[in-house]
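Both of the next two complexes hold chain A, though its partner changes from chain B to chain C.
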Partner chain A sequence: MSRKKFNKQRRKLLKILGAASVATGAGVMMPKEVLLARAEKKPKGKLSYEVKPGELDEYYGFWSGGHSGEIRIIGVPSMREIHRIPVFNMDVGSGWGITNESKKLLRGKYAGDTHHVHGSYVNGTYDGKWLFVNDKLNNRVARIRIDYMEVDAILDIPNIQGAHGLFPQRYPRTEWLVQNAEFQIPVPNNESNAKAFNEPQKYYGMHTIIDAERMAVVCQIMLDENCDLAATDYKGKYSMCTSYNTEKGVTISEMLAADHDYLIVFNWERIRKALRAGDYKIVNGVKVIDGRKGHDKHGITLRIPVPKNPHGVNISPDGRYAVCSGKVSPTCTVVDLELVDKAYAGKIKPEECIVAQPYIGLGPLHTTFDGRGNAITSVFIDSTNVKWNIQKAIEAEKQGEEAKKKNPHIIDVLDIHYQVGHIMASMAETKEADGKWLVSLNKVSKDRFINVGPLKPENDQLVDISGEKLRLVHDGPAYIEPHDCIIVRRDIIEPKVKHRYDMFEHPLAVTENKVERKGNKVIIRMTANAPVYGLQEVKLKKGDRVTLILTNHDEIIDLSNGCAISNYNINFVVAPFQTKSVTFTADKPGVFWVYCTNFCHALHLEMRMRLIVEP
Partner chain B sequence: MEGFSLKTKGAVILFFLVLLVFALATLHTSDSVYGKDSAIIEKGKKVYKKYCIICHGEKGDGKGLIGIIHRVEKSGLVWYVYPRDFTVGVFKFRSTPTGCLPTDDDLLRTITNGIPRSGMPSHKDLSLEERKAVIAYIKTFSKRWVEEEPCDEVIEAKMPKWVGTPESVKKGEKIYVKMKCWECHGYEGKGDGPKSDKLKDDWGDKILPFDFTTGTLKRGSSPENIYMTYITGLDGTGMPSYEDSIPNEEDRWHLVSYTLKLMKRVK
Partner chain C sequence: MKRIAVLIILVALLLSAPGYGSQWKFFEHRYKYKLGDVLEADKFVKKDGYWEGYRGNKLVGYVFLSKDWTKKLVGYSGKHMETLIGLDPNGVITGVKLIFHSEPIVLIGLKDENYLEFLKQYRGKNIKEDLAVGKGISMDAITGATVTAVVQNAIILGSARKVATAAGIARFARAKMEKKKISRKYTPLTWRELVDLKAIRNIVVRSEQLGIKDKGVYLDLYFGVLTPPSIGRNVLGDKLYNDTMKALKKGESAIFVFARGKGSFIGSGFARGGIFDRFHISQNDKTFVFRDIDYRKITRIRAKGAPEIKEGGIFIVRSEDFEQTLPFEFNLILTYRVGSKKEFKSFSSRYKIPERFLE
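Right after this comes the complex of A and B.
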């Protein structure tokens, strides 16, 4: 059947099925041009965030979940929470942390702190293959397959703490990721190096390079400085980190002592050269290259001084500028990446890469872009989003102090509610930044929602940035605590997302129901087809070590089956054609109903079978 | 049969002996199964009422409660799949040639293992006695079991070692094209061939050809099961038997090899 014909047929069918289904089906095939054309009809600066019942959002928002340890998928502009992807946490609904498959990835750690979700790239824009997210708490990086929206790899990174900024390679495609370590620690950080524990001068920061395909550490660049936020350029040449603790302080006073800290640039060609030359030490199984000032044999690092404790670093969509947000300084620092080559060659000083340092407000943290030459910076203390023009800031810088005082670069200042951390505009971390929507991830909501007790939600505010002025249009409460997000056009993601699992990708997929026993080891291989499990009873003996493998054979879209074992503290869900397994000891004699937890069928309540554990 | 007392076990063995004698007797008289052994049928009826009636219905016509409400959707299309209608005596999963009634072993296999990708569960938790009894009862729904002589031929699948090798896959692909499997199953085996949206089963209900790239075969996914489907056909559906059109035994297995390739189970 041709695609066209198939669509035509399907549309005919969808007409009958009602509004909700229409939207689901028709959306899949909606070409980018149609979506864009529809959006273009709206006048600039007056976008509607309303997504009517049955309509679909134009963007996938991938939100980190902070110390909830998860990722959330938010529809933009409706700001509806559509899905949660458990990552470093336990999710008793889906069974993440309960099933053998997820336990194998989590390796006993059920707490995490996700900060930065980023997608894999091809040629400077998302390819819809993977998401990556860091865990600041247990120093891990997880990879999420976009086709299943499910974690498929978790990497433990040695020699670091405070795994903060993470960014994938943007060009030509994501082969490497960089992961920064915000907390300096002894290297190695174990009893073999106990003498360093009380000598903070022997604590180090790390810039870790990860192979995205293998999910393995390529190498680490060891620094005296700490490594906070991360960025990569659009040419596949450099990665970057901001460093706020160049002082190697261990108290707030010490960390804030210096007037200048750094934007540190890493030269990838020189990293490869050092690896080829074998100029590294193996520490805890990974290659550690010395990038400290005075020890950087291959000249990998370039330290560009920026004022006092900078925070975010973001690259303009044209790839030209890196913008460091000042945090303690009320300014942003604009670095011209075209000058960085010259600095590496020693033709200019690192600080000469800076082309502007405009005033922004009190506490600038992160900067995003509208793709029309403007930057929008989040300002924490002022509780504002500040829109400013990069070229005007550069021109004023050239003209001198008098011109700068007039702040010609500032276009608009928007009050937000309250205390903004990250902000992100639609597609802003790609060369396809489209300047339509911006999300201001505010840390504090105070009076913006009905009072739900002392622990309040965050407030993710939606801002229309399509016009000259910033226009606040929507408040969205969020459970603790999204740090960062990306907003990705639907046509990039949606065609990659599957409705069903590839059944035989799981080596244990069950096609025949059976119970196998070897001594006290029992394997129950079972299918699920709403409203029945493939077995109606299984007899066990007290003390049996039981592995239950369940495959959902339902091919109906959205027909997931649950599997809960009464009084055995086990619950998980299998989506269409998915297989999951659990292992437990049948330590309580009795009759235990296994039942479907995920509403599957008109006879869902009857979907149950017995485990009979004999004494 | 864990949990059975010794006494019960003895009773079961005794029962089988009786059953065996009885079976031998019926074999020789070549008479109707029902009428002679109403006790077994009565037993089968009880099993049927406990386990089967909800889908297959009181009359055995596949119009039980679940049959009415179960809905299957694939590739964005929605249609209804009813449980087996025993009243016409047509069965998909047989070891006998197309058009023939299945053997008792065939029915036993389906009842025992269930049918993945459908609502038919495995019944391994039922005793052999119960499963055989229900077979006897199922046979009372269609006159075919009385009126027709059983077919003598039983097809066996003996898989050669080379099934799944690249050479065999290559040869199988040519057969797949020549036999026009693609007309229904599509060139990539996705069940989206040009005729795929026009198929109906013997009951006039819409059916779609199997998508080899995902999910599992209802008969079972072993190479032998695939072979059996090709040679016996799936009576009552659009899937014909290739027993005559692929006379060469090796060619049949080459086609199985190519099928395994489509299922991504060999390279």
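Right after this comes the complex of A and C.
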């Protein structure tokens, strides 16, 4: 037998073996050699992930930073960390949390837990205007303006805890955002309602609607269930949440009690109707609409039963399906959003919106899409990414149990390292999903990097999804602790991002160097212009309450100046044409050098001035 | 070598913000002058924008201040370098004296004496000759201060040629060419076709030309005017072309420059000062340099059959004085190293938008 012929026969045999192993119901556990043989046969999907010196990434990746409280910008496919945006955290490098401008937004809270970063939309794709991110720890939502890549609003949300899933309206544009509350709590959760503290049956979940432009709460839909992950549809009609604690449990065993939990859909037209009708209570200054079963006067909510403790909900880029990942169930639940219309009209039951419930693997958490009809689901316990075809899953569901057992929908299974949480493909949360790259945000890196001590990085793995098979190409360590990301085409973001501030957008922008004194209140107005500050010395008296306002007058791209006040615990950076201010009490007499911390010039070290604090 | 390192962190000065003059004095230098400093004469007669110099009753030359003729030419500092220039009736420069400058040359280890040394070489040069930095004019005395040298050269020659024309001793005003309108028509063209049509010009620098022991092409550079859709759209693709055109303000134009090879037309020293010191364009007596705010990086050419590039970008000419439909020179002052020694060599290529892309 010739070698060629032998190989052909071998592949045939392996194919049969592979099919057989699937047919035995072992799920997706095909022998490795089978996958390998198939991969050799169809060497598709060979995107280059190398970004050579001087070249630019094709995508902006916006990563949440978990309990670091920040957002990071990662270049995809190079996976280089390009920038960090401090959000809910203090950043002593840039001065976020030190300057008056940032303190005004943070209002004394310097810990945060960011999970989901999403961009603002126009007609189902990103418009490059804003990013939004949740803070699960202090129950806030921040907005980042993309032109400066800087937080411009932080909203405290009352009546909730565990601010988890967040999603912006996708169509026709982002006017609303939804923010889910994962932890049920008494409403209101204060001394006026102390009798509810020990009665978990009087704890409630909340689906909060936020006005994106005003960054204000529009209303909250109060539920018995908790509200975990979030999604919005592509028609501007619905938002959604998964709910894993329909039991109102306060212990793990209680939360796991029921066999079914819910995907809860919210009807926006009916929310507006309830608001117009005034069917809400004001709690902590916010309109709270009762959406509980039996109290939902306007029929806002639709509860679609899904197997025990579901996790993510993601919408296919064609807008047709909501895919709810099973977590405790090894399946995904596919909901046809066109049928949801009928369910709201009362023509069918909520459970009849489900068109498929395919087997995926042990612990499906989140699903993303390649824009070619395929879904890729992160599977936590198996530690895999599973690529499957939505239509094939729907067809098999129609054909019945026997057809389903063969798992005809599964296209490929990729081992990842290790224990994946979120998963995201390029442009996958838009109608322009392009099926090129996927990032598997793995919770555990274990042995994948040099040992840096007991606290180890995450591992964000890059996967080429351009071919039929999933191809793992890169391991990327990440510090505490990205949960989710979006991967946005460069041409959408790049034209929106500025090199310098509009100087007079800041009302205190300094054009003239001077010191003003009123009693013990001193205002220092100063410019920075590498390598000189506009003032060489300022005389103060012990006890003066000092505000220093600094404007960077350098126009040159990337010429930022720092401003550190020795022994006064103050540092911040002003980018070209930016103004920042700090306020402090001159409580220590002596000479204190103010110096530039951000390398600016050949004479950077000479860029300094004195504060002379007289006793 | 030290100079190279320092050059990287060279910085441009504040251009327009008010209230800073006092802190910038350490870069400013003003010198006293008298007209006799650049022309030996016993009598000077004031004319419109220049002085005639006489010895006895014989006209021996002309003296003029650059700010009266080429004030728009500004150096690294964003300020004009005021220069007193003497010229004899044959077009030979009789003397050059620096009156004011604020070029931050101290940052690259240079002193004003080096600057004055650079200027000395102009004495005896005839302005009818084709002179450029790297071509008859040496930068040795102020190595590293490329922008200062290029602009200073343009100031001296530009002012002198204008005065020579005004005084009637030579004609330098080029035959007046009519500005034309750029055709809005779009034809899909490949890279090869664009090069053949001369819509894209090419400068090839071979290692042998530079004395580098290395075979092959050191720098393979392509440039052109972006505005005609048949050039710009083919080169950049529709989206980037439209974005670029939309962003242009009245009177501005855009060129593109791409290169491959070991060498670089961008270099690594533009970053802190924000000025590209390895290339500029000139049109008649005007010189246009580019700053980082005029630049958008491009990593891929969209035209069919285009080569892969190592570096490149869109560069906006901000000045209304540049007329994109008329011929201009692209000047490359290539910095390179032979062993550890830094060298410069100038190259230049003339460009004109092909007629078929004009109305």
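One rule holds for everything that comes next: the second predicted complex is superposed on the first by the 571 of 615 C-alpha atoms of A that agree within 3 Å, B and C clash if a C-alpha of one lies under 4 Å from a C-alpha of the other, contacts with A are read in each partner's own complex, and residues count from 1 in each chain.
Convention: contacts are C-beta pairs under 8 Å (C-beta built on N, C-alpha and C of every residue); 3 or more make two chains touch, one makes a residue touch a chain.
Here the structure is a predicted model, which is why all the values come from computation and not from measurement.
Partners chain B and chain C clash in the overlay (superposition on chain A).
In the superposition on chain A, no contact is made by A:A153 with either chain B or chain C.
In the superposition on chain A, A:V328 makes contact with neither chain B nor chain C.
Of the two partner chains placed by the overlay, only chain B lies in contact with A:E537; chain C stays clear of it.
With both structures placed on the common chain, the touch criterion links A:V473 to neither chain B nor chain C. Of the two partner chains, both chain B and chain C are touched by A:L603.
Chain A has more of its residues touched by B than by the other of chain B and chain C. When both complexes are overlaid on chain A, the residue A:D502 reaches chain B alone and has no touch with chain C. In the superposition on chain A, no contact is made by A:I523 with either chain B or chain C. In the superposition on chain A, A:G54 makes contact with chain C only, not with chain B.
In the superposed pair of complexes, A:I381 makes contact with neither chain B nor chain C.
The superposed model built on chain A shows that, among 27-35, 45-53, 117-125 or 135-143, the segment of chain C colliding with chain B is 27-35. Shared contact residues on chain A (touching chain B in one structure, chain C in the other): 511-513, 527, 529-532, 534, 553-557, 601-603. Contacts from chain B toward chain A in the complex involve residues 2-3, 51, 65-66, 69-78, 113-114, 116-125, 186, 192-194, 196-197, 213-217, 220-221, 263-265. Per the touch definition, chain A reaches chain B in the complex via residues 1, 6, 9-10, 13-14, 17, 25, 500, 502-504, 509-515, 527, 529-539, 551, 553-557, 577, 601-603, 612, 614. Every residue of chain C that touches chain A in the complex is listed here, in rising order: 6, 9-12, 14-15, 17-20, 23-24, 107, 239-240, 243, 271-274, 291-293, 297, 299, 310-311. Residue ranges on chain A touching chain C, taken from their complex, read 54-56, 491, 495, 499, 511-513, 527, 529-532, 534, 553-559, 600-603.
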